[in-house]
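Here's the structure we're looking at; comments come further down.
Which chain is which? They are A, B, C, D, E and F, in the order written, and residues in each are numbered from 1.
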Amino acid sequence: MSETERVKTGIKGLDELIEGGLPRGFSFLLLGGPGTGKTTFGVQYLYKGATEFEDGGMYVTFDEPPYSIAGNSERYGWNLVEQEKAGKIAFVDASPIKSAAARTATFVPPSLGQSFLGGAKFNIDNIVAAIKEVKQKVNAKRCVIDSITALTLQYKDDFEIRQQTLKLIKDLTEMGLTTIMLAENPEDRQDLTRFGAEAFLAQGVIVLHMYRVEESNVKALEVRKMRGAKHTDRLCPYRITAEGIEVYPEETVFRSV
Amino acid sequence: MSETERVKTGIKGLDELIEGGLPRGFSFLLLGGPGTGKTTFGVQYLYKGATEFEDGGMYVTFDEPPYSIAGNSERYGWNLVEQEKAGKIAFVDASPIKSAAARTATFVPPSLGQSFLGGAKFNIDNIVAAIKEVKQKVNAKRCVIDSITALTLQYKDDFEIRQQTLKLIKDLTEMGLTTIMLAENPEDRQDLTRFGAEAFLAQGVIVLHMYRVEESNVKALEVRKMRGAKHTDRLCPYRITAEGIEVYPEETVFRSV
Amino acid sequence: MSETERVKTGIKGLDELIEGGLPRGFSFLLLGGPGTGKTTFGVQYLYKGATEFEDGGMYVTFDEPPYSIAGNSERYGWNLVEQEKAGKIAFVDASPIKSAAARTATFVPPSLGQSFLGGAKFNIDNIVAAIKEVKQKVNAKRCVIDSITALTLQYKDDFEIRQQTLKLIKDLTEMGLTTIMLAENPEDRQDLTRFGAEAFLAQGVIVLHMYRVEESNVKALEVRKMRGAKHTDRLCPYRITAEGIEVYPEETVFRSV
Amino acid sequence: MSETERVKTGIKGLDELIEGGLPRGFSFLLLGGPGTGKTTFGVQYLYKGATEFEDGGMYVTFDEPPYSIAGNSERYGWNLVEQEKAGKIAFVDASPIKSAAARTATFVPPSLGQSFLGGAKFNIDNIVAAIKEVKQKVNAKRCVIDSITALTLQYKDDFEIRQQTLKLIKDLTEMGLTTIMLAENPEDRQDLTRFGAEAFLAQGVIVLHMYRVEESNVKALEVRKMRGAKHTDRLCPYRITAEGIEVYPEETVFRSV
Amino acid sequence: MSETERVKTGIKGLDELIEGGLPRGFSFLLLGGPGTGKTTFGVQYLYKGATEFEDGGMYVTFDEPPYSIAGNSERYGWNLVEQEKAGKIAFVDASPIKSAAARTATFVPPSLGQSFLGGAKFNIDNIVAAIKEVKQKVNAKRCVIDSITALTLQYKDDFEIRQQTLKLIKDLTEMGLTTIMLAENPEDRQDLTRFGAEAFLAQGVIVLHMYRVEESNVKALEVRKMRGAKHTDRLCPYRITAEGIEVYPEETVFRSV
Amino acid sequence: MSETERVKTGIKGLDELIEGGLPRGFSFLLLGGPGTGKTTFGVQYLYKGATEFEDGGMYVTFDEPPYSIAGNSERYGWNLVEQEKAGKIAFVDASPIKSAAARTATFVPPSLGQSFLGGAKFNIDNIVAAIKEVKQKVNAKRCVIDSITALTLQYKDDFEIRQQTLKLIKDLTEMGLTTIMLAENPEDRQDLTRFGAEAFLAQGVIVLHMYRVEESNVKALEVRKMRGAKHTDRLCPYRITAEGIEVYPEETVFRSV
């Protein structure tokens, strides 16, 4: 237990901010508003894991269907279909959207998704069961939950949200997965970031900010919390480039060099 | 799936901000307060589609009746009645307002609308069924929902709003439509923009802002999110001119050249 | 349908802001806090309509009784009693206040009002029936609803407010009336103006603002939205003078010439 | 009905702001936070009415008992007990507080108060009945309600508050009383004045403000609304002096001469 | 009733701000956030009353147990145990906390407290009965309620809070007590001070503010309201010294001399 | 009772701010957002207590499992496993997360935790019973509750939260423990710190702030309240160093020396 093993995120510039990577075996929260690149972050984490660090990965999606995630990833040169065929990345498809295109695509999502929309509510136990099953196939060590918001929205009660989130984290931890849970942050613009139970329960919290500086939107990443890791407390600018997300630890956010 | 096909919006100055147009086959959110020109945006998208890009289009309206939309569009030189006769644009009329004028107009709305006000609530399945039916007639490739707010207001629960929005997006996607969903943003002035589930679920989000600069209202368009497209993150001024909405990517909002 | 006919408001300086007047046959929202002159605006619209533009008019009042409205209008030289006798203006009196003075006044309000207070809730259908009946007598083309707030307050649910507002607008439209709906805006001072469903559903929205500039209250009119009309987006100062409301499109609000 | 009769308030400096006084026969709202002098304003209005303008008056109190109001008024030289004996001012005591002192005082409150605390809720009809009865004895022309807040607090529903307030105003109007309704404004400090139904329903609204200017509290009176009267729209400083409230229309609030 | 008798607070510097002291026989509100010294203020008021002004006193506590209050008071040199033995100060102990230390201490709280925690809710009648009983023993003229917040928190409804507060004030008044009711003010920092029913019902309101000036917390006392007493409307700095609370009427808060 | 005994916190720089340490035998609140170091503070308090001040300690955890807390503490050189074996520190494990690693670790948490997740709600009585039992084994004098938020979240009602918090504090006090209760503060960034019942009921309140100064997050500790102790009212910077939390009473927060 002494030396914590690190999981390289594959996000250029990020690992050096957190002592080399995410502490292996825990769950982390990635908070951001629409357009901040949460999904890109999640896919990059898995794709780099599979292609550069020999880690299998799973993408659990509640909203956007796998074929769409895969399609949008192509612009960064990440071929998820290829990785899936190679048995290195798998999707748990809990998204209710199945386009005609998707149905004829070579990219076949696991059969789980279809059943979710029928029932009124997701069930953490079912989700976990599906994750366990799919995990075997790709020997996954990394996991992305897109999004924890979609999952907890069904609970009305702060107490129940806390209990269910703890339960999910517990199960992911027992499976030995290093998980990034994407979370929607609807009001970041005003810098009114409100942290819910997830932020307190997760082992670490990374926030993707978007500021309007005059007429531009400037993006900045903040490592808000990282248990068991010395981490910077500076805001670091990031951009979504043709190669994916890049963080610039050396640059400043508000007066760019 | 490699090269995403683009749908030209017909909004002058907008397409160049989003790599040539909206990614075909997805749903997008257009957010704005009263008076920002959401309806004009929607009509322009369909009219230009029909007259310049050979795309049939459908306008699904829950509030303002088709004859009124058509009447107000004339000021821009857009003859919707003509397009309807030519079988290029169709309305799904879920608006409860039928004026005497409307009843005698050559512009005959589909019979769907009348029945909605009778029942207590809209039904997504009925709406989708009507869209499917009308879509055949005009071979529609573009769709405008005016407004998603009217549709989701009947649901009390964030979870249900999310589920129903996902269901609608799923069905529109399966029909192959490229859809703009108009959404009411009642508090933009204070810049406390709240993005709900719709913003997270849509493939892209365009926001129409209105700022009071001294004694004038200045309008600015923001591409907040556009999955699968590199897009500007600048605020771009726009105006509602005699030819419709025009965006000025080269100008600045707060210190106009 | 090509050239929209315009209804002159009779508010000095306003018509030129909206291409000559309100588009005939639609419903408009007039939003303002206490003391901004909403009632004066409404009476002036009807009185000028009757005396200068040959339009009969109806004033539907839910709070202030007709005799009081008539009494307060005298200071502007508007004799409503005279107009009522001449069959040019009529009241639909849904106000619960009947003073002794009122009962002996020559000004006899329609018999409708009394019954409203008895029942727990107003009924849109009854209101519309009364409007229809009274409309015949004065051949009304203009209508003022004072206030839409009083009418919608009984509904708890945003969805129902929307439905009922749509129903009212629909019925007023079918009767061919050009209607101004007064609405209470309880928080204008802080500029926290909240536009509800009414603002999105109305064909146009005019806001009466009141700002404290040092120790004075400065009034300013804003045409927030006007479908089918090119309109200014400047804040225009207005005053309540001995001749009623006057708007000054040439002046500035915050640095008066 | 032509020339509205004016009721002199007896507040030095105020009448000249509102064309000579309050329009006779209507109800007005006086809004202020704790410590702004609402009760002093109300007592002064009645006392000056009785001693200088030959108007009988009634003070309806829901919170502070008559003996306490009378005791605190002595510091201004206003002897209410004397006025009560002379049959010029009467109290309707709906306050639940009866001190030993009060019971032995020469100042005997009407018997009404006691019964209120017993029942769970005030009843507008009972209040009105008591007002009617007491009104006969002193031939009251002026009335103070202290406070409308205490009266409407029992209603949970905005619609019911509106209906009950209208009913009260209607009954006071029918009795020919010129009434000042005191209202608690809990958040004035931040200038977040929120106007409730009372402000929209009353014939006039006067607001007592309190500003912190550096380390002092500065008081300012605003005539926010006054139907049927031309009124100033300036903030006027006021002070609570040894002679009661005095308004200084010639002075400025923030840079005192 | 003519000359109001004054109760010296024993707070250095305060009495001169309010014409010599609190008007005898009434109830006052002391509002403050955590750490502003409310309890110290209350104890000082009683201790000085007992030792310097010959007034017996009672401390009614709902949260902190008497032994703890007594222990913390020692740092100011106030020996409450001594005063209790001398029959000059008594506690009504409604606190649920009884430490082992407390049970063996010479300081024996009245037997009332124990029973409260058992029942689900406090009962104003029981509290008042206990106050009456204990009052006899020490011939109390002063009373501190710590806190009115603890007492009213059990009521969900603004109307009921108002009624119960009135009832308590009424009973305290009938007993002839001059009472300070401590109240928790959780958001003073933002200066969004909300004054509830208690502030309107009490005879006077004193607010303890805490401002962050750069990196220090500056304390300031404000006499917000004091019926029947001319009082300063300046913010006065205060400090918690080794002798208790001291107010500095001659100093300024933000630019200390 | 005269001289209050002090408990040294072991947080470098803190004790001198509060007259040498926390008053022994009471409960204190430590408020902070995610990433402010609350858990580190709690562990340091116990570890230093056990290794430097001969005080046994207990860590009651509702969220993060003991093995994870222990693992993260190693980076500061604090070997909790060693201390547990030596019988100086014990965990009450009410966390629902048990990783495979944890199960095989030498670090065996008490059997209490497992049962909690099964039941719907925590029970203060059960928690207290467990604390009592474990307290015997290590002769604990110090206690950390991580977190009071997790415990009170199950209560919907402010009154019940207050009662339950009082009950817990009462029981901890009776056991003679000096307790630090960690509390989550979800909105610190905007300085909208809301102090709930816990802050008013605790004997002292320490707040961990995090400010964004340009692009860095600056941390500052505030002793907001400390009954029975003279304490600084300055904001003091602190950092999380390789040796744990260090407070710098001599430095300034916003213009670091």
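We adopt the following convention: contacts are C-beta pairs under 8 Å (C-beta built on N, C-alpha and C of every residue); 3 or more make two chains touch, one makes a residue touch a chain.
Note that this is a predicted model, so its numbers are computed, not measured.
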item	value
Where chain B and chain E overlap in contact partners, by chain label	none
Chain hops separating chain E from chain A, counting only touching neighbours	2
Contact-graph separation of chain A and chain C, given in steps at minimum	2
Shared interface numbering between chain E and chain D [over half = same, under half = different]	different
Distance-maximising chain from chain A - centres being C-alpha averages	D
When chain C is superposed on chain D by its C-alpha atoms, the rotation angle in degrees, nearest 5	60
Chain centre separation in whole Å, for chain C relative to chain B (CA means)	31
Centre distance in Å when chain A and chain D are each reduced to the mean of their C-alpha atoms	61
Between chain F and chain B, distance of the C-alpha-averaged centres to the nearest whole Å	53
Per-residue overlap in chain D, given as positions that touch at least 2 other chains	none
Pairwise touch network: line, ring, star, complete, or other	ring
Complete ring sequence of chains beginning with chain E, oriented so that chain F follows	E, F, A, B, C, D
Touching residues on chain B, where the partner in the complex is chain C	33-35, 39, 63-64, 67-68, 70-72, 74-75, 95-101, 105, 117, 121, 147, 149-150, 153-154, 184, 186-187, 189-190, 212, 214-219, 240, 242
Touching residues (chain side chain B, partner chain A) in the complex	1-2, 4, 25-26, 158-159, 162-163, 166-167, 169-170, 173-174, 176, 191-197, 199-201, 203, 205, 220, 222, 224-228, 230, 233-236, 252-254
